[in-house]
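Below: the structure, in structure tokens.
Note that the chains take the letters A, B, C and D in the order they are written out, and that residue 1 is the start of every chain.
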């Protein structure tokens, strides 16, 4: 029987009980698997001032997903979900592409690449569109009172249509060089996208630790009515939370379109919503709302990206990629599940195994 | 008399090539005075089947479509035949047991395109030492261009044992797909790859990005052979990042309208109508670019 | 005894969305008939069924899951893997249709049951489990074969090309299968204990447990049912396409959910009708038909229109719901006291009921 | 604490139908049942008594398989059984009405009664028979409902009756009712008791839980008292004086007469804090005048559904007034949300603690500081030290029983949750408190504590609106009493003239 308080038990148990234990363990295992197949896996080299290496690569590739997952975390904590992020990624990418312009011009026989509008406007425009999409979701959830999954399903269904409407069904190629810095540039040796993730992470951390946002979001997630009665501006907070999720999807759309140098209304951010929800869940935040972990979501995003990387690099045929992902999802979820935790923690013979 | 009504079921808008194709069909229909019923299947075969069935219900004069995949068309084409509506395939062929299910097929000869790509490679590596390692970026699995461009290449290089295809994967004809697959290939094979044989320009452009990001020079360290000769492809060639693009013209609108009118009038047309195409190596790219329409 | 009048029945927030869906369908069909030549015909109407039979079957399974308060994202993948397994067994191993079909149906049900077990016994979120299911099934397709496999088996071709001639229109074998599924589902939802327990679970799972209902078993069975329906959807899809392919039925889970919601089923569970889902599917079908008949609208309008419809429907449901809860607080419904309890004499209530029948 | 079987009083000579021995149950941080023994004989009504959190509901849930027991044995009808789910318990012949109304709001009344054992015809549910049976059954409870309507169309009290009807719909060997009467009015309680006596006469064994002493003595043959998860003892009802029973429950001496004494001799109300003029809302409240002064308790008298909760919701801004005027501290005010009311210095403990009060998974600390933090806003986050100080202060001050301030509040018993809610509002330093049924489902001792707190706060100058279904409690703490009937105010009893009789008289006033 263990009913004793955490202080009374050994540090291993405290460790095992920590909500981040499993996500971190999963990530470590994946990294070690990679190391086993590729001796240079942890190797990072410096090529003309840029750091190269598998780890950097994973971090870089994971950054759009990490952004979306960070945006999704507070939404899920308020007992919501935002399934529209993939579509919002496409919309924001389309906006950016349309604003920057899909045409190359030939001046005196030399190609020059010009942007329709100054770059900052294009970026702001795309972010604004993302934010608006998020606010639309938030308004439906908080003020109309729709269930989050439906409210965001609307945009999920319509969003790719809207993105294609913006681009008139074309895949718009972007030729404007400075724009590529967002998704493929390096700053101080590291991919620029990492700085964006870090900045967002720090802002979020500040808001959840140094303000009451974390408390309010958690309270709303657990009992919206009671939170409203306690005087929390539940609706305004929900609106902001969805708006933020949209904004993050917009940012991810920018990074993605800058990375592939085009905007494809049909395929940009495809299945991103599922990956993001998965990342948040793998990070230990329950879809039922309440307590959440930002670090967990980041780790979740890394797990997903590492997994993709692993399947490519250890020579699993890409067809099997999805199967591997599914199996990992099942295993992590089952191990994380309440009944399983109980089983593992209760049976002393198993404790050695989980440590 | 009434205008000719043509129902056209397009695959989708998955690449620049496809949008040029759509544009050509729409504008030539306008010019030819054809009432065009256009639908876009978003890359889903069931949507195409639905659209064709709806054209049958609408009693259009001619149905044309560009099949997503080769198989599975028999039941609905039989319905069209029963309704006595002639069917024209464009761009991609289908597999049916009964050839009379469609009247004509207008489109590129992908097999020939594949051969052209192969021949260009042989030319390029004349006198060079083997082995020459090729990484192939395939189109959508099961689609005719993917199958034929692959087979065309094999046909040419099988007699030459210097050439070896060391990796072959589908990038789904998309830019993102090409980039992702190329990254994976570079990870597993690295500098062994000498040639990238990409089934279309979009994937090739994705691959070029991946190669650059890996610190290599596309067009020099790795030779890039591609298909379609789209604007994007031309730009890559002019920038010296792509070596050759085998043309595959999407501008089959006029030919389609012409054929449709003949078919509707009950005249006989050749079963196979091949579009006129050529090969653009990077050296000729800059000269040809201004006259390109797609 | 007070019996509700027809009007209260019809304006009940639980049935009204169904009526609106029906009305909307008629409106759209009517619009098409007026606006486009050849639209108003029995065949166009029957084509809605021919072209959406598989979606209807899948959406019916989804309806049960949603009523139980869950969601099943794996159905699209399951349809694809069913076409794939069928095609492989038929083409490469020459198994006969009457062996393949039951086998894939069984596999579908088992897979659904597996998801149900994870959801019920490991307390995992349906969203996550079935998302994993989606990945798994799609992945399995490509493990089996990355190319599309054409079925040339005469039995499949025969079923595929079978047409029942009705006056003015033909219908396919798929339509007959879907009709049977529909009737079975209505029966299951309205006249079987299982169906009512599904509604109870959707209304309040905790209460259902405390009421001593077989919640665990029913929940697993709901996912089995959905898996079965998805597999059956896959079988009909195979007849429809005569091929197996890993990319078949992409995004069908979304269409199924959209059809369910447009049909008036609440995603929170507990409320919904199979008939509503039928009309939800028909509305999706009619939108597509309208767009092809028009022939100038780009396909992305389909998505935008469906999204807008979803939006309108959900706002409507919200309005009805808040209207209803206002009515609730006005307590119009509190019953009046009748005969005193003593009148029951010595018999227990249960016996009294028994005596009367 | 484990009395040997021979110590138990005997009246029935037959075998116990149910005998639970050595039952152990722990929840995280709580030892809910400590080696409990309990037995139930056919043909008796056996009342389980104990304070909040004593373990009554837990014992029942262990019996019916909602929670697995950690240890212990259950003998049912002479055999050791393992009931691992409510389903199994139902199948064995144990019918239970749980403490919270546990039915499905979306199903019809008839379905709620019969689901799990629908009448069938030709393999399908026979709807007409079902509805007929349901109507007949409800008639025995003197209810005439439209059985085809969804359950949530009916108020809580009716739902409670439907839950009871469900338990009666099949002849069981054992019937368990966990606080079935807490939302019923006197009339309904009497009807229920008549039925219970009939069932008892037919040899059914009935386990009954209530906090009301009157009810306990009205129907019980035997009483088992639980305290702190231990069985204090089993007694024949007629052999157990009330005072002794209370002593056994609380473990110390309480004078039940204390409950009845008005406490308002020394009241010195100040200025009017809130003055409402003709506030109303369609479908909820007819025009109502009300004023509450600082340093007084205004009681709301009325029967079930008379509109007391609605009044509270209007005053707190949960429901918006559609007409009328409201002055708070002399200023014209309009509340459009609870936030406005909180800013004006009002706090509200809602009637439905679980769904409107507590945030179950948050800790006691977080629950206590929540309203204060919400008022302070997002950015002026209370430092953790300050939070701890506030929480521990109130835990001590109000005597909230919890292992530590970080315990999730959902794991506390009802009374302690209520105290924590009180603490939540006190932390905001309010000028007025609205307490809707703060004593519902709470044991005697906790009731007294809460009422004492109310009085103490009032002396400190708070204005208090006090609502309770227990008229005696209202009379005890209130200075004045406003009486409601059918959603409008019928009158007011001024200070010094408050007594139960007067309240009832006023409620009945317009009748003849």
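Criterion: a residue touches a chain if its C-beta (ideal position, glycine included) is under 8 Å from a C-beta of that chain, and two chains touch if they have at least 3 such contacts.
The chain list, named the UniProt way, goes like this: A, C = Simple sugar transport system permease protein; D = Simple sugar transport system ATP-binding protein.
What you see is a predicted model, and the numbers here were worked out from it, not measured in a lab.
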Between the pairs A-C and A-B, the one where more C-beta pairs touch: A-C
Separation of mean Cα positions, chain C and chain A [Å, integer]: 31
Chain B-chain D separation of Cα centroids, rounded to whole Å: 73
For chain A paired with chain B, centre-to-centre distance based on mean C-alpha positions, whole Å: 35
Separation of mean Cα positions, chain D and chain A [Å, integer]: 45
Chain B residues counted as touching two or more neighbouring chains: 12, 40, 42-43, 170
Junction residues of chain C, two or more chains touched: 146, 298, 300
Touching pairs - complete list by chain label: A-B, A-C, A-D, B-C, C-D
Residue ranges of chain A in contact with chain B within the complex: 47, 52, 104, 106, 111, 164, 169-171, 173, 175, 184, 260-262, 264-268, 312-313, 315, 318
Footprint of chain A on chain D - complex, ascending: 26, 28-29, 31, 70, 316, 318, 337-339, 342, 348, 350, 355-362, 366, 370-371, 373-379, 381-382, 403, 424
Residues of chain C touching chain D in the complex: 1-4, 14, 187, 190-193, 196-197, 199-200, 202-204, 206-216, 270-271, 326-331, 333-342, 344, 346, 348-353, 356-357
Complex contact set, residues of chain B against chain C: 7, 12, 35-47, 49-51, 53-55, 57-59, 69-72, 74-75, 78, 95, 97, 141-142, 170
Residue ranges of chain D touching chain C (in the complex, touch as defined): 66, 85-87, 89-91, 96, 98, 102-107, 111, 115-116, 118-119, 124-125, 129, 132-133, 135-137, 139-146, 148-150, 152-155, 158, 165-166, 168-171, 187, 191, 194-195, 198-199, 201-202, 204, 283-284, 305, 310
